[in-house]
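These are the structures, in structure tokens.
Heads up, the next two complexes both have subunit A, just with different partners, subunit B and then subunit C.
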Partner chain A sequence: MRDIETKSRKSELLIILTIVIASVPMILAFSLLVLSSFSEEMVTNLKSFRPTLENWINLFQGKMAITGSIRVNIFEITLNTLIVALGVAGLVTIVSTLAGYALSRMDFRGRKHVMIALLVLHAFPGVALIVGVYLLYKLTLPQDPDLMRFYSFFYVILARGALEIPMSVWLMKGFFDAIPWEFEWSGIIDGASRITVWRKIMLPLVKPGILAVALFAFIAGWQDIIYVRTFLIDQTLATFIESNIESEFSHMPLIAAAGTLYLLPTIVFFLIAQRILLQGYSGGLKG
Partner chain B sequence: MLVMVLIFYLIPLVMTVYLSFTSMKNWNVKYLFDLVGFYNYHRLFYMFQHDPSFKAIVLTTIVFILITLVVNVFGGLGLALGTFFLSDIVGSKFRLLWLLPRIAPIAVYSLVWYYFFHETSIGTLNSILMELGIIHQPIPWGQIIPWGAWSVIIFVNGLVGVSFGMIVFTSALNQIPKELVIAARVDGASAWTISKRILIPLLKWHLLYVLTWQFLSLLTTYCHLFLLVEWNLVNRDYGTTLALYVYNTAFLGGELDQGLAAAVILSVIGVSGGFLTLKLLGFEKMMKRPRGDV
Partner chain C sequence: MVRIRLENITKEFGDFKALDGIDLEIEEGEFMALLGPSGSGKSTLLYIIAGIYKPTKGRIYFDDGDVTDLPPKDRNVGLVFQNWALYPHMSVFENITFPLELRKVAKGEIRRKVAEVTEMLKIENLLDRYPWQLSGGQQQRVAIARALVKEPDVLLLDEPLSNLDALLRIEVRAELKRLQKKLGITAVYVTHDQAEALAMADRIAVIKDGRLLQVGTPEEIYERPRHKFVGGFIGNPPMNFLNGFADRGILRIGKSTIPLPKEYESVRGEVIVGFRPHDVEIGEGIEGEVYSVEHLGREQIVTVSVEGEMVKVIVPGDRRFEFGDKVRLKPKKIVLFDKKTETAI
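Up next is the complex of A and B:
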């Protein structure tokens, strides 16, 4: 807040100091992770920092251990993560743009009930659902191995996307609500159909909303571990880190490098989409 | 959308409730029609009375939710008020920083704390304390029961939840007319007095909103805990909440039928909590809630 005449510098410094102290463990922990990925062993204090690029080279070559021949393809793993994240983002964006428009503009029967139901669904324990979702998955899984892999991608995207949809629909409805009716009427009076109005007039106007919903869905798909490890047959970065942390041969700084790689897109989004992030989360998320 | 809600919410829901009345084990379809009535619920209750590790889980759930809730709500309030009194640029930088736990990939976030609380001298916390000469042996923080394990899980989840309260409160604070604050400033009130006498009373409704919403979230969250327990950073019994218990019984082998009974109990608490929230806050206000503008 700005009110320059009455602001006292001393109290501002005090507040900054308090918040900085509260943030120290978090900043420290995250920066040590990044630092460790460039070091020969885990960095706990600056004395143990011996710079090297070896971890990153090994990671990209897929060499998991210093000795031995355990190999993984980190590019494929990253690609898997990306497929899931993009799939979730695409699905959630399309569904919530359509449903948000309908809930905002059309007065159909049961509209209010649908909206209450969406809110209650959001408060519903995901863990109670995942069991039923898994049984459904088991019952519908195809036998053919290739088809199975494809199906597991398809399924994990649908299941994870479904989790995001209630809140995204609410968010989209809010964006549609903010647009005056007159825009739509003038389109309809000029002889355009409802679909044309939606596509030509409404969509360009809610672009910021679509961007926000897509971004949140992408982050959700990217960060997910539970759904990925439960349904997906292939590995993603999340399950890669999960499974390598306790194994005997794993080299801790190398896992730190994988973690940093995994964190990278998040940081990029963080920097380019600050406003959207700070605004959109007021819609509320689980966590 | 309706089809997806049907497939991924309603059908699984019915299945979960139904399965909790069967003797389902290890996802074996042959148990699908083996109805056992309320046997699973009875056994869960019996376990609560006689099985120390299940008792620990229930106790952990209660302690975890209560303390983390307090940390989240007051941490969020503190951050929102603190950044409110700073200039916009500095304030939003801090708010952004505190979003990091929420948007960082779950595996990376847990990994970061895994290194931080690690039980050997590699762990950052142990290393710092040893350097300062406060301790001489590395301490396995998460294995000290109950409070060591509880502290770790509360700390890790507390940081994630703070950002939710922070954002709701910040958006609410920005809607308060600036004149109120400036008038108080002119009269010589400090930031602390302004917060206590003017801002917090105006935030009552939002406090309630964050409190109930965060309660429901904590009741059902388990992904961070799952990794911390799996990586052996925290004690198995005192690091597991009911939601995680359900997941572990379902997917890491074990008494699936029993986990399902626990899942149904959780759901009943969750859904009634959800309806209570709606009643408490008034649906009309909720209609305006997720507008996406701060």
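Up next is the complex of A and C:
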């Protein structure tokens, strides 16, 4: 029988097929990267795959160039990357959960202007701001070398976080908007202050939103290269890989291993987060 | 337990006047229903009593104390929301104890109070569950328990039954009324369901477009509506209305005439006559034609077309009517309304 159901199933198949075809180049590229990291030379066809663990061993020993003379501490670099990524995630999450709540739930003067300003700010590319941000950095940079290193971390987190904040605040505002007022009223009637309501009732309800914001901010910090290279005195994985590609001693499969290592947290973070992101609350409220 | 006095309460949201000069007194231990169609301002009034909204004008008194500027937590009210607003991330126990935790009540005291209130509402075996694991009726009981556990002076209910299915609603209705009387608590109950208001309330306040049309016992509201809207809103089917002309004790409707009762003898001019479907005899009186017949078992609703206007009449189920039958209606009890102001004469 021809009916609307058969038709929609066909178009559904077509959509799935399109998605599969469209994602083949991506999947292929990532597979080649991962395979190359376990191979003696870059994998471009089945014959060129000669399995070895050497790249990974060299990577963890900090031997980036095949000559073996230059050594770096890959763990320290990874730790640096983590500090920046977690710093950005933390800063962005705190600011956007507070600001998102205020914009969603509080009526104050200039609220509309703040929201428009956020959108405009979001439209500014980070690269365009870097000259001004650099000027500020130079003006505030302490002279003491140890303090300078510490400050460069602080500054890159602040600057990179600031770029993420406008969009994250909008996102959090959306999540707060979706929560019925009754929850908040109920908390107030029960005797809670505004801040207690925010902490004990609203935050648990926007958990998926907080996680999404934290996730995006973490990835932004983890993958950033321009701000990190401009401001951070230490290296992160991104700047480390970039400088190695450019060096004359580079051994591509080794860099493939570094690239794979670079991808791992993102994948792990996504796998953990997607379950929580998809899990919403149901019940407790009807209407 | 307090007496609530509302004085000239007006609430504006921007240009929109949600409430316009409401004066209302709710006695200690009274069950007051705020009845009105959606958008009438009845929920706004409830939220003003709770302290969620501040009135633009007017004062609110609990007993003799002015609470207009007190925040909700200092008014000691319990509120049950239409959607119950149970905190989804908290268990039933945590939901009920939330108000007590905030007041820093001692642990043992909390357990005693929770035991008391949950036993009363028969939900003592649900304490470990989460709201999404409960049925609608159970969620509603938890919401009531949370409102009662802090021993409020006033219990406010915002259409708490509208999310329950029809049968459960009638069951809970009786139970809720019993509970309120047992506790002797002052209760304000917002509803758009006239049957609910008639069944539960000691007194009903009918609100429309932010104005208070009538306050009275269910009997008064039903028998002597002071406004055409009240008559048309209450009763199922509601009051019938016909245009007529009163002159020296006689009411003329189209070609027919009926005598007016004594109290209306002096009325003269164009009026609207209202009468309840129950208060009509088929016999002598207003001429009409049967338009449709609905059987309801023991009785039947006969819709009669009078001069193009529909009138519903409830008659015993044993009489047979056919479409197009000519009938004459004799209202036993009537109310006259002014044609212009639609208020009772």
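Brief remarks follow.
The rule is simple: the second predicted complex is superposed on the first by the 244 of 287 C-alpha atoms of A that agree within 3 Å, B and C clash if a C-alpha of one lies under 4 Å from a C-alpha of the other, contacts with A are read in each partner's own complex, and residues count from 1 in each chain.
Convention: contacts are C-beta pairs under 8 Å (C-beta built on N, C-alpha and C of every residue); 3 or more make two chains touch, one makes a residue touch a chain.
Predicted model, so just to flag it, every value in this text is computed and none were measured.
When both complexes are overlaid on chain A, the residue A:Met106 reaches neither subunit B nor subunit C.
Legend: residue contacts after superposition of the two complexes on their common chain; A:Ile21 is shown touching neither subunit B nor subunit C. When the two complexes are overlaid on their common chain A, residue A:Ala162 makes contact with subunit B while staying clear of subunit C.
Shared-chain residue A:Pro204: touches subunit C; no touch with subunit B.
Using the contact criterion defined above for the overlaid structures, shared-chain residue A:Ile195 touches neither subunit B nor subunit C, since it reaches no partner.
Judged by the number of subunit A residues each one touches, B leads among subunit B and subunit C. Of the two partner chains, subunit C is the only one that A:Phe183 touches; subunit B does not reach it.
Subunit A uses residues 281-287 to touch subunit B in one structure and subunit C in the other. Put simply, subunit B touches subunit A in their complex at residues 1, 4-5, 7-9, 11-16, 19, 27, 29, 79, 82-88, 90-92, 94-108, 111-116, 121-124, 127-128, 131, 159-161, 163-164, 167-168, 170-171, 178, 181-182, 185-186, 190-191, 213, 216-217, 219-223, 226-227, 230-232, 243-244, 246-247, 250-251, 256, 259-260, 263-264, 266-267, 270-271, 273-275, 277-278, 283, 286-287, 289-294. Interface residues of subunit A facing subunit C in the complex, by the touch rule stated above, are 180, 182-183, 185-192, 196, 200-201, 204-205, 281-287. Only residues 47, 50-52, 71-73, 77-79, 81-89, 98-99, 102-103, 130-134, 136, 139, 146, 150, 163 of subunit C touch subunit A when the two sit together in their complex. Across the complex, subunit B is touched by residues 1-3, 6, 11-12, 15-16, 18-19, 23, 25-30, 32-33, 36, 42, 44-45, 95-96, 98-99, 115-117, 119-136, 138-139, 158-159, 161-163, 165, 167, 169-171, 174-175, 177-178, 209, 212, 219, 222-226, 230, 237-239, 241-242, 245-246, 252, 255-256, 259, 262-263, 266, 269-270, 274, 277-287 of subunit A.
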